[in-house]
Amino acid sequence: MKVGFIGLGQMGHGMASNLLQAGHDVTVYNRSPGKDDDLVARGAHKAASIAEVCSGDAVMTMLAEDKAAEHVALGAGGIVANLAKSAIHISSSTISVALSERLTAAHAKAGQRFVSAPVFGRPDAAAAGKLFVAAAGAEAALQDCAPLLEAIGQRTIVLSSTPSAANLVKLSGNFLIASVIESLGEAMALVGKGGIDLHAYVDLLTSTLFPAPIYKTYGGLIAAGKFEPAGFAAPLGQKDIRLTLAAAENLNVAMPVASLLRDRFLTLMANGGETLDWSAIGRLAAKDSGQ
Amino acid sequence: MKVGFIGLGQMGHGMASNLLQAGHDVTVYNRSPGKDDDLVARGAHKAASIAEVCSGDAVMTMLAEDKAAEHVALGAGGIVANLAKSAIHISSSTISVALSERLTAAHAKAGQRFVSAPVFGRPDAAAAGKLFVAAAGAEAALQDCAPLLEAIGQRTIVLSSTPSAANLVKLSGNFLIASVIESLGEAMALVGKGGIDLHAYVDLLTSTLFPAPIYKTYGGLIAAGKFEPAGFAAPLGQKDIRLTLAAAENLNVAMPVASLLRDRFLTLMANGGETLDWSAIGRLAAKDSGQ
Amino acid sequence: MKVGFIGLGQMGHGMASNLLQAGHDVTVYNRSPGKDDDLVARGAHKAASIAEVCSGDAVMTMLAEDKAAEHVALGAGGIVANLAKSAIHISSSTISVALSERLTAAHAKAGQRFVSAPVFGRPDAAAAGKLFVAAAGAEAALQDCAPLLEAIGQRTIVLSSTPSAANLVKLSGNFLIASVIESLGEAMALVGKGGIDLHAYVDLLTSTLFPAPIYKTYGGLIAAGKFEPAGFAAPLGQKDIRLTLAAAENLNVAMPVASLLRDRFLTLMANGGETLDWSAIGRLAAKDSGQ
Amino acid sequence: MKVGFIGLGQMGHGMASNLLQAGHDVTVYNRSPGKDDDLVARGAHKAASIAEVCSGDAVMTMLAEDKAAEHVALGAGGIVANLAKSAIHISSSTISVALSERLTAAHAKAGQRFVSAPVFGRPDAAAAGKLFVAAAGAEAALQDCAPLLEAIGQRTIVLSSTPSAANLVKLSGNFLIASVIESLGEAMALVGKGGIDLHAYVDLLTSTLFPAPIYKTYGGLIAAGKFEPAGFAAPLGQKDIRLTLAAAENLNVAMPVASLLRDRFLTLMANGGETLDWSAIGRLAAKDSGQ
């Protein structure tokens, strides 16, 4: 397919690379220069404007936050203004449910189609085409862009015909990861103060009850107390909890663990956490206990 | 080895069976009659008293709570009163850190040895000899009882020379499971109210971020809203959170998620939760949200 | 002074009436008709537009929320567009810190002055001119409008030269009241389940530890379980907690009781609380406990 | 009446003094010597044993905690062993609901009567006979000891015929005070970081919404950050929250603010809070926010 790609960050670069690898006709666009050199060398077209990157059957976006996604899609000279009728905007960014609803409406009004397809996985999975894709949108649109989603992930899970449902699920996933960090942090504050070696403890947990990479990764970081450089920066984690709580507020759902996470991120930010990995909230329980 | 076994419940029966299977000379004792028939048929000796079950090199206990463990070990005619000098009491029960410390002292005073060896795994793992054993105690004692621990588990992880350290770790593990139940409950209250099918959601989570049996088991129970019959009864889960908080209080460690879990269990108990599986606390967030 | 007044609700009507009573030259404006009849009968001028109500030395606003306040002040044909240079906008509405900062900037840019003067007290205190006025703004502006503030309140407390400081204090005050409701609700769930008569309990508290009208008022409402008609509607209380949390987020201050209140309001809203008094959150602890 | 008094601490001394002042025939007993010199000089008898202090119509106890109260009442040579049949034990100590129930049963079994009469007020109110007395017990017993209660307080509030009800109410009162400290702490962390002067803030609050001595006292301490010497030591406050939560657990009542207070006290204790006033928990929100 002829597809555009906007947002060549750590995640987006790998995704665009796999679209290319799968034989699609890929045009790339990024605000910061130099991110697309290797892709262009491998045959990608380079767009000078959003209009240019929107000239195909679909355009895929992978941006860091609502503000960027809103600007690129809804701003003057943005995607809605440029995409052909019936063409598809596939949004893989972790954005708010509210913005996803606005994008759905704006594209519908413009005679275009909108698919929300946030992904689960870290940069290495993006590079390897091993992401999990949580997709939602009209059935026909999902079918039409299936080859693209297959190129970037190891599995596509269709969640709903309402695009924003996929954003809600993506946010809930990040909430669940953050809640693992918090509860690991509390458990490790407890056993650490009780004299247990933290690395042995993480080894025990991940060999037994919790054989999941998330427990290994974050348990290891908390045990080592090593939160720099950030794999996923604390302000981004804080943003995802904020968006989770905003979605929950609209649905009148009280989420006390999410409220606690919100408070933990505020405390982290008030104490120099801007540049740390988000798992640094997992040290706060130990800090409170005088360790 | 010549070993006694006290406590032939769902877990203990499987453990005693594997001791027998591994060729040990096993004597069994249980308050309720009939639980040992098949073990006796396979060669186990039947003890009529605690004195009798304590006549070997070691005695292993697997009891439901502090009160039973205290009575059996420290009561008149109990283990401390009957075990030979240098023989080992291996306690696999999930008991409080404080009781573990009292048992350590009482056995030391009597010239006996005490090893704490709580296990991770459910009844099927106990039956299959596939438990994970978290052991703590004096090095020589651990070496002497290693063949017994190997018989009941797939792996023994040695945590400390202080027996109660193993109890602290065991409690922290149950706290972590309960915190998964709570956070899954909140996430599912959110996406469920957002219109997502809960079974598909659990499938997505366990295929991607959380490929751990605990997420599958408890996610499935919460999605189905099916908490009877109880695999692990709510009052037992509540007890483990109580013991976790008691240990944390002694160490001056604040654990806000554990405090939340405490409150959830109280609400569950106030609303007819006595006979439900402990994962029923995972329904409370949805209930609060009007679902 | 020649002063305009916008927002003749329960609170605003009493405030405008006291301005008139004190001999000021008052012009009134309200979207809904009929609210100003008695004031006009007593000598107030009736404005047909915001432009007209802004023709004096000062204009005072008392509106229900950010949206209304923003529209009236910053919208086309609003206060900023109409007020004379050097004239003063006195905002007594409970609005966000962020909006207060925007108003400060907009008025400064237009050569006008802005004073934030939220009030403490209920409609009866407004009618009696017995409000407490928490004022913030440039010293000269505060001096110039002192006669107006004295007319509406029994005391003016000057907090800061930054107008938004007064809004922060007002929000914090409503947070404190809500936290009294919550803690009273928990205490009454406890003693009520313990068999104590709730009215006697409130009588004891307010005769001894807590001789403050707030404890009497809200304790009585919770004891009676009577939340209709609403004196201060739950959605307004929820809004104030939302604004408190928003201000706290900007300052990186974690407020766990405020987070709990947020969750309580969500649960109330999910269970039919739209039309209840905000003190209905004080029933939730009892409800959770099966009462 | 002929009455004994045990526990001449800061509170008890004032209470015994007022019994004497009212013309009662008072015998005093205290573990530490020297506390009764002035009382004896004014006509009190000095008892050398608990047996001796129990020789009258009633004995009143004012002790610091469960352990002391249990020892004095139920220990060998204690009150139950020495009090005459039909004589009354009036317990004014802040003890657990569970111990109050045990005392009720033990005295009933011994043919004695038990009245629970915890008091509200600080040492100066005790010295002035201005305490508020929350009394519970059998009606006849309450009538018989009314002259004693009238001597120590400005008002006796009868709560229930079940003695432990008074202890539940007393604990709930201390919970309410602690919750005021916490919420003031959060509000002051917020406005303090927003640049407001904290003493002016407390002045505003106590002049308007919260004209109660508790807000003035604790607001002032938090504003000054001055927690030594302790008026009421943090470990005693922590104990009262512990007893509140224990009573709530028995009644299946979830109290999230009490859980938060529990966590705050643990954090305080982990960071050198042993000797501070309990209002030091009101500094933790500011500390978390980097102030």
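The first chain written gets the first letter, and so on, giving A, B, C and D; residue counts start at 1 in each chain.
By our rule, a contact is a pair of C-beta atoms (placed from the backbone, for glycine too) under 8 Å apart; a residue touches a chain by one contact, two chains touch by 3 or more.
Remember, predicted model here, so these are calculated numbers, not experimental data.
Chemist: List every chain that touches both subunit B and subunit C.
Modeler: Chains that touch both subunit B and subunit C, as defined above, are A, D.
Chemist: Measuring between Cα centroids, what's the chain most distant from subunit D?
Modeler: For subunit D, the chain whose C-alpha mean is farthest off is A.
Chemist: Counting shared numbers against all numbers at the contact of subunit A and subunit C, is it over half, same, or under half, different?
Modeler: same
Chemist: How big is the gap, in whole Å, between where the Cα atoms of subunit A centre and where those of subunit B centre?
Modeler: For subunit A versus subunit B, the centre distance works out to 38 Å.
Chemist: Could you please state the distance in Å, as a whole number, between where the Cα atoms of subunit B are centred and where those of subunit D are centred?
Modeler: From the centre of subunit B to the centre of subunit D is 40 Å.
Chemist: Mind pulling the subunit C residues that touch 2 or more other chains?
Modeler: 248, 252-256, 260, 266-267, 270, 288-290, in rising order.
Chemist: Where on subunit D is subunit A touching in the complex?
Modeler: For this pair, the touching residues of subunit D are 256, 266-267, 270-271, 288-290.
Chemist: Which part of subunit D faces subunit B closely enough to touch in the complex?
Modeler: The contact residues of subunit D facing subunit B are 248-249, 252-256, 259-260, 262-264, 266-267, 269-270.
Chemist: Contact residues on subunit A for subunit B in the complex?
Modeler: Result: residues 97, 120-121, 132, 134, 155, 157, 159-160, 162, 165, 168-169, 172-173, 175-177, 179-180, 182-184, 186-187, 189-191, 193-196, 200-201, 203-205, 207-212, 214-215, 244, 247-248, 251-258, 260, 285, 288-290 of subunit A touch subunit B.
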